[in-house]
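Okay, so chain A shows up in both of these, paired with chain B first and chain C after.
Now for the complex of A and B:
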């Protein structure tokens, strides 16, 4: 084992900066609330993430501050917000990688619940219902005592690659089209259809998928700005998936 | 007062809740699922490693079947499990894995031919069979004789949850997101539903149902360092406890996972060790073989966690500003394996520790991980104490896991219990006598009581801070009710928690907003959590033995003669500061696998007086049945099949075990 390994504590070098958080506050439930920026000062600790920082602010400075954390491990997709203007998962953003002034705001596009909390769940549910994001099979009843149907191992891996989406909403918040068209399915929606299109268990054809995304609220609404691809916290191959799906749908449209 | 009627009210939108809901809905009953968060955010998503199901597709799983899975599970539980339930579970697990496959879950599949694996730190070549091509693959996990853990790279829980959640959307199951049950409505005999708070508007509503099912997951947040999500606060357990009628079982059985990252406790999956990763100490020395020569890093979790703490106490930990830790070394697995099969691990190491696990060792220490205890149910998932109340998954004490759960048996239990209990809930709702005939006066009474409690918190003159009380509770639990326990520390914990409970009745709020108000939520949850923490500490104090994850330094032996019992905790008197504890005896004479040595951990235990008698009986039955099929022999030892719902009674097909036989 190297000396470095012995001596390095996790989370980087110890330092005690004062961090200045500037947070967009607004509670639509409260008729007296007006949107405004509020600042908080906090001493940085080693390994501090935005999850730890915001928890500390809520517990010691301002118990009214609203935000959404669940897994705090970058797995569940709850905590996407605008971090210095860019959508990202707050729980796995380390403060020591940032300047001392940190500006936080809720994701745009989604319904605001309050402060940094937005209703991504409602939006994603609507998208799932509209695009029918489940495997459509022929037989409803399968015999559960029997061995499973076989699947090519590489194909299973390819499906999982796209299945890794955590519906955090970052791609939608970063999307130019989503700002203009409220029914645009976003990269998240197109990625899902690409996933089900790959899945041999799903009996839907390209013509069926065309019905779901073959318009300006689907693949033809995408302006190829591709911020979705750049900011996806799971690094999904959104650029190639959208392009591929659009090419397939364009063939059907002809 | 707003009242919503349904047939089945499921509290909790994780895997267990969703699968129960799907089962009941398919049988024609209306279902509403309540969820604190969008269901896909549930903690089920964090199960990285996999799901145990004895499919026996991979070569290292050859010979696996329900019998082997059953024995592993019962040994893992240190004989605390209900063996009927364990049998029902192992028979259903392959069906659950295959059902999920048919719903589109992208299980990792078997590639025939040679591949290199790391076993006991040595490179080994194994050859997968052509007959297994494309079937669901299994990996190795702790405490199992065969490779049995089905997986989706290291995102098993995530993919399972998305598959189940999308299926629930497809089947039209109504999910009320961002709602929280704050009390169960009941008359002391029958549960009628719940009082529910809308977390966005603060509105209270009554949900009335024929069957109410708790599937709220675990109570990890009773502890300071836990792998659990922040929503795993044991509120479902507390709802049942606060009825004063239903019981929570075995709350002292708390699992600590060997490898939480230091300091934040985020989980490094058991798959790391299952795939060949090693534990090392301050000198870089691999210490587990010294303690557990047979299973090494892959003994059961309770054993590995204790050995790690023991080793740290010997001064072999690595010093850091966050306390001592050990190293998890996965570098020997190679970059390709880490980037394909342990990708979440890589992401977590990069994001939270700033290290590349293909190059550097990961700082780890045991962290609270799983709540074996839960709402006590019988094998149908229904509370034996309160009719119409069901529970499944981590929130339940069904009781599959006894005093220690095997890795890979948790997500497996969620879907299996969901399938089984979903059917029993449907049976319950089918019966005309189980219609909801609720006296509305009772419903109003419950809603008004909850309203009054919230008003008292919002407008009262209390002086205690909910956040502070919560932190104090977590510190007591981590310090005194952790991996190693003793009478003195436990008594201190009970005394201190009682004081906290009294203080929690005097919480005051800075923020008086009745709607979305995180401080108010922390206040009413903390009151519930301290009660639940007391059931853990009291159960641990009274249990003067060591069993599974419950390790008493002053009582180091497992004591079957006196403690082959399940703890039941009730909270009958609302004003009391202590739960009432009762015990339920496990009958050795009915066991298929009587208590013995687990195959790892300490070998000395105090035998039950019936054990020898039952062993002789079993030997006699086995001798008499020689030459009969394993199913017939099993049936003669401990018949269980008629306890399962009809649709789940069938045998399971395997490559080496065709159905026709």
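Now for the complex of A and C:
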């Protein structure tokens, strides 16, 4: 049999790979549930993403499978999960770039809702409140009818670059420090502060930022393992932002 | 009891202003690590002078004893230098241990994380922890030995230590631990502070090249001392003195002249 015949189904259509999904299942709401791996087989289709594969599995094989998604286009960050042990977005991961055996697990650190679904929102909200990730203006200056001050386009671009973070939680799940120390702010938190530090509308000084991240749960807890930088689905410049923040905070503290 | 103690005990020491200590300790960890790494580079070059001959190594060891300044050896000078290195070492160990996994659960979680992440820098950190842990004991023992018996540093003294005292396996393990730890540490410093601002791939390649260089130099040096020690085993404890530096040689030369 020739190679062409081997790769072709009887109808003349190209034969698709069978993918073997091994998914970590666990329902924390069910006292009987124990963490275990469950396998599913699925025929690969052209342009299939992990999100599409999971939808197929839930639609046709197992309606109890839990996972998150919203945008399906790498914008919302909801479908972040451990893909073969590394955090990534299911909707942006093409199956044809992977081996036929695919292991999926929920992100660590975050509260588990069930199977692949985690409550990143709760964690991000806590981080946001703790680091006060909003523009701090002088109260007397708030005047909604006044036109906003113009911003240099280059600066706006720099802020926008950091603002592209979708809070998917991949950087936190990839962080060695966050695995060991649950109160660590993670790269997402430090990136947020770097963003507000750039913003001319934010009146906070470096001394104010030190109050938020100047400790071992903040920037000084970062051990520079940089998995956050390497796996960020939005390819944010996390290494340089964390290093910059570290230098600034170290200057304040010395 | 002081009011300060009570305030710390009540968990109110960070009110109203956050402590500046974490920043100072972070700098201290980096600076002490940098100093130790640079010292280890120099140290390796000094001990490797045995590869250039007994006399060169003897001259270098006498140099550090002030022989060429005072006209006579003062091993206590070496003791003082070693004591300074020991202080930096203890400071660095105290700073670095803050980052270690503090219980078995943390270690287990981190190991599983590193295994599944298959991420080079994360794996390297585990090695930094292991090698750092090994050096708590090995470097302490070595520093103590050098501080208390500095006069034994020399071609025969060091050779005897490797062979007749049977310490070569200790030095072999310590060599691996030091070079791996120092190399990874310097790389980590560069990426942590983003200086120099060059690509991580370049920095990592540079790191491995430096580690390989010092390991090869270290293995060659260790082998040389073992050879010296083996050949000197029947005269264990006798120090080396170059012929030209022996008192009777100088006297004979004087008579001849």
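Just so it is clear, the second predicted complex is superposed on the first by the 230 of 254 C-alpha atoms of A that agree within 3 Å, B and C clash if a C-alpha of one lies under 4 Å from a C-alpha of the other, contacts with A are read in each partner's own complex, and residues count from 1 in each chain.
As a convention for this text, contacts are C-beta pairs under 8 Å (C-beta built on N, C-alpha and C of every residue); 3 or more make two chains touch, one makes a residue touch a chain.
The shown structure was predicted, so the numbers you read here are calculated from the model rather than taken from an experiment.
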**Request:** Report clash or fit for the pair chain B and chain C bound to chain A in the combined superposed model.
**Result:** fit
**Request:** Figure out whether A:247 sits in contact with chain B (first) or chain C (second), or with both, or with neither.
**Result:** second
**Item:** Partner chain in contact with A:86 - chain B first, chain C second, else both or neither
**Value:** second
**Request:** Quick one: name whichever of chain B and chain C touches more residues of chain A.
**Result:** B
**Message:** Tell me the contact category for A:174 with respect to chain B and chain C: first, second, both or neither.
**Reply:** second
**Message:** Tell me the contact category for A:66 with respect to chain B and chain C: first, second, both or neither.
**Reply:** first
**Request:** Classify the contacts of A:108 with the two partner chains as first (chain B alone), second (chain C alone), both, or neither.
**Result:** second
**Request:** Have a look at where A:186 lands relative to chain B and chain C in the superposition and call it first, second, both or neither.
**Result:** neither
**Request:** Using the superposition on chain A described above, determine whether A:220 touches chain B (first), chain C (second), both, or neither.
**Result:** second
**Item:** Minimum distance between Cα atoms of chain B and chain C in the superposition (Å)
**Value:** 21
**Prompt:** Which chain A residues contact chain B in one complex and chain C in the other?
**Reply:** none
**Prompt:** Which chain C residues qualify as touching chain A in the complex?
**Reply:** 17-27, 98-99, 101-102, 106, 109-110, 113-119, 121-122, 125, 188, 191-194, 197, 200
**Complete:** In the complex, the residues of chain B that touch chain A are 37-38, 40-43, 45-46, 55, 95, 97-99, 101-104, 106-111, 133-137, 152-153, 155, 158-159, 162-163, 166-167, 169-170, 175, 177-178, 200-202, 229-231, 261-264, 266-267, 280, 282, 284, 318, 320-322, 340, 344, 347-348, 351-355, 360-361, 363, 467, 471, 509-511, 513, 515-519, 522, 647-648, 650-655, 659
**Item:** Residue ranges of chain A touching chain C (in the complex, touch as defined)
**Value:** 82, 85-86, 108, 174, 176, 179-180, 210-211, 214-216, 218, 220, 222-227, 230-231, 239-240, 243-244, 246-247, 249-250, 252-254
**Asked** Can you name the residues of chain A that touch chain B in the complex?
**Response** 1, 5-6, 9-12, 14, 27, 29-30, 46-47, 49, 52, 58-60, 63-66, 68-78, 92, 94, 113-114, 117, 119-122, 124-125, 128-129, 132-135, 137, 142, 144-153, 156-157, 159-160, 163-164, 166-167, 196, 199, 201-202
